[in-house]
Amino acid sequence: MGELLGLLQFGSKGWGDELLAGTLVTIALSLATVPVGLVVGFVVALGKQSRDPLVRVAAQIYTTIFRGLPELLTLFLVYYGAQLGVTALFSLVGSNFQISPFLAGMVALGLVLSAYASEVFLSAFRAIPIGQYEAAAALGLHRVRTLRLVIFPQLIRLALPALSNLWLNVMKDTALVSVITLNDLLRQTSIAVGTTKEPFFFYTVALLIYLVLSVLASIGIWRIDVWASRGMVRR
Amino acid sequence: MTAVAVDRPGRPHVAHTRRVSTLGIILIGLWIVLALLLVWALAHSITGDRLATFGGRFFSGFRTTIELVVLSVLIGAVISVPVAAGRLSRNRIIGTLAYCYSYFFRGSPLIAQLFLIYYGAGEFAGPLKSIGLWWFFRDAFNCAVLSFALNTAAYQSEILSGSIRNIPHGQREAATALGLHRWVIIWKIVLPQALVVALRPYGNEVVLMIKASAVAAIVTVLDLMGQTRFIFSKTYDLSFYLWAALFYFVLVELLGRAINAIERRITRHHIR
Amino acid sequence: MRFASSVLVAGAALLAATGFASAKDWSTIRIGSDATYPPFESQDSSGNIVGFDIDIMNAICADIKAKCTYVNQDFDGIIPALLANKFDVIDSSISITPEREKTIDFTNKYYNTPAAIAAAKDSDIKGVTKDDLAGKTIGVQSSTTHATYAEKTFTDSTIKEYPNLDDAKLDLANGRLDAINDDVVVLSEWVDSSDGSCCTIVGTIKPVPEIHGIGAGFGVRKEDTDLKELLNKGIADIRANGTYKQIQDKYFKFDVYGD
């Protein structure tokens, strides 16, 4: 048992620092997908409520596609497929741009997150009473101001529980990016296993680290929820 | 008596005009272009003898995916019953154990759980052989089914326990007042109502399982994803991934719509 | 509108500035390698890529005065990655075969060793023919010549493909596989080590040039003929000045170049 734990030490003899580096990459990737997912998801949600039927259909197609494909497949298509397109595009001007595994992961997971998030935003929009819009109009606020000052804060509070669930899923999905050789926690664990031949020990450690991350994330989300509901009357 | 103003929910009523804007045309145009590119790539990839050489593999991969998902969901359903009972139990120890099981499998990535079982079993091949269980773990498919089943059982137990908990307590009280036995209450009153409510989340879970099953390819299971990787390594043609995407997409959509239809039918007595 | 057009102009200028180089100067060369193939290439505990192939390439780079950096890449994606410009050279014991020459170019060979079959010491596999391996499960690494050979030859056996050889070795050790078909040097090194103590080499396979190729070379894109010439010069130089033999002796007790 002692020698097993010794494998986790930091420095050149143990894998502790490699696993830590991998964990940081996992955390970084999870955080990086959030802006992409939420912004695109919000825009798509707006699109689904548009007066123009074509825009509504286009938004719906987007959601259906990204919710209907396995995340691993989306990741492969972005990493290998988009790379082909980007290479072709950049070769027109004689230069080169490589989609890094991190970027591919960020884009792929962000797109998937945005598809689910748009549904969350949509139901949050539907839960805001019409009276809010009417009151804002009565005060003379035009559309963008209404959205920004009146609707948006309420939207965040309504959407937060479901969005935080989605984000926990993203954090778990970052493990898939190890397959396209991003040095996240799972990939570092696999490398350690390959050298030390102790899969059971290392994968258990990895799972425990993911659990700790989940717990920490849940606590963080709870704090944000408390902040977002401040001043609300407890019904 | 003062009239109480009731706020209507939802967005302000917009006239669903047929007013089409340039943005709409551009977006739909983009989708149409992408669809045409997709069709071209798909047709282009099955030139020559590719269909004969790889078609069989592709369909066998599809069949393997379905076997994988069906087995995992069913075995997971069986495992989820005692776990759900544990989650609903008032016994502290059992309740905590069930919660820990549920949190462990829902709070960590499926791919990591799969690696633990597949590679971990490989490490303990010796001990497993001596207790006569190695034949099971020897096969990558079995390891995948076990891992997926344990994972989906955690989610299914949450769905089951959640929907049972949401049955109004009055139902139980009324049934007890009628002198019905505990098992009769569970079997004839609580479960039927709970399962109706749980259908949509269950359907969701099956869909998620179909998508998650793609990771089995990483541990050499020749499911749809695995066969696609194999074909790609022989042809270096990315369009095969597009074929796989098409198959997964169709599977997910068909299942989703079927679940929707069933749910609408069995809840048609609800007030909408 | 003015803002938009100035953004467009700035963007175009930026793209143009990132360089339109028609003739590349190969002072920096990026190299792709699948570091799960000891003794040819593997990762040491600090994460550096080391091995025979790496030492040979470093010697060539010193000879042609280039700075070489290494990128780890799974073997089954190594040709697409080269074509997608992720690196400039494949240095991963990749065999020169007619099939591969349809998509990429190769330098001259830098070594040539035959394939072999490894199996458990107590296995009942006696030889390397199709009949000896009938009904067995054979592991191979995907996209290698050994995979192609196994699929074409061992038609009465189940062929299992692995993205990297480490997993195949683990599965042979724990019994998921009955045999592995890969390079004799790689398998010998493994069975002689403690990890491979379960197993032994059953026999070597007579090379089939159309499948196994004429030896291992360095892969380059078809348009990089100048890089190919540079590397060929490097190979010839280190063979001539004794560096090749020095490196070879560090790893092997026999000649790997072949004739």
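Read from first to last, the chains carry the letters A, B and C; within each, the first residue is number 1.
Quick note on the criterion: a residue touches a chain if its C-beta (ideal position, glycine included) is under 8 Å from a C-beta of that chain, and two chains touch if they have at least 3 such contacts.
Treat the numbers as computed from the prediction; the structure is a model and nothing was measured.
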Message = Please identify the chain with the largest separation between its CA centroid and the CA centroid of chain C.
response = B
Ask   = So which one's got more C-beta contacts, A-B or A-C?
value = A-B
Query = If you average the Cα atoms of chain B and of chain C to get two centres, how far apart are those centres in Å?
reply = 39
Query = Per the centroid of Cα atoms for each chain, what is the distance between chain A and chain B, given in Å?
reply = 19
Key: Where chain A and chain C are represented by their mean Cα positions, the distance between them in whole Å   = 36
Message = By the touch rule stated above, which residues of chain C touch at least two different other chains?
response = 80, 170
Ask   = Tell me, which residues of chain A touch at least two other chains?
value = 80, 84, 197
Ask   = Hey, what residues on chain B touch two or more of the other chains?
value = 119, 122-123, 218
Key: In the complex, chain A residues that touch chain C   = 12, 18, 80, 83-84, 87, 93-96, 98, 181, 191, 194-195, 197
Note = Interface with chain B, chain C side, in the complex: residues 76, 79-80, 103, 142-143, 160-163, 167, 170-171, 173-176
Note = Per the touch rule above, chain B residues touching chain C in the complex are 119, 122-123, 125, 129, 134, 138, 140, 218, 220, 229-230, 232-234, 236
Query = Can you list the chain A residues touching chain B in their complex?
reply = 47, 49-55, 57-59, 61, 64-65, 67-73, 76-77, 80-81, 84, 125-131, 133-134, 168, 172-176, 178-179, 186, 189-190, 193, 197-200, 203-204, 206-207, 210-211, 214-215
Key: Contact set on chain C toward chain A in their complex   = 15-16, 18-22, 36, 43, 45-47, 72-74, 77, 80, 84-86, 166, 170, 195
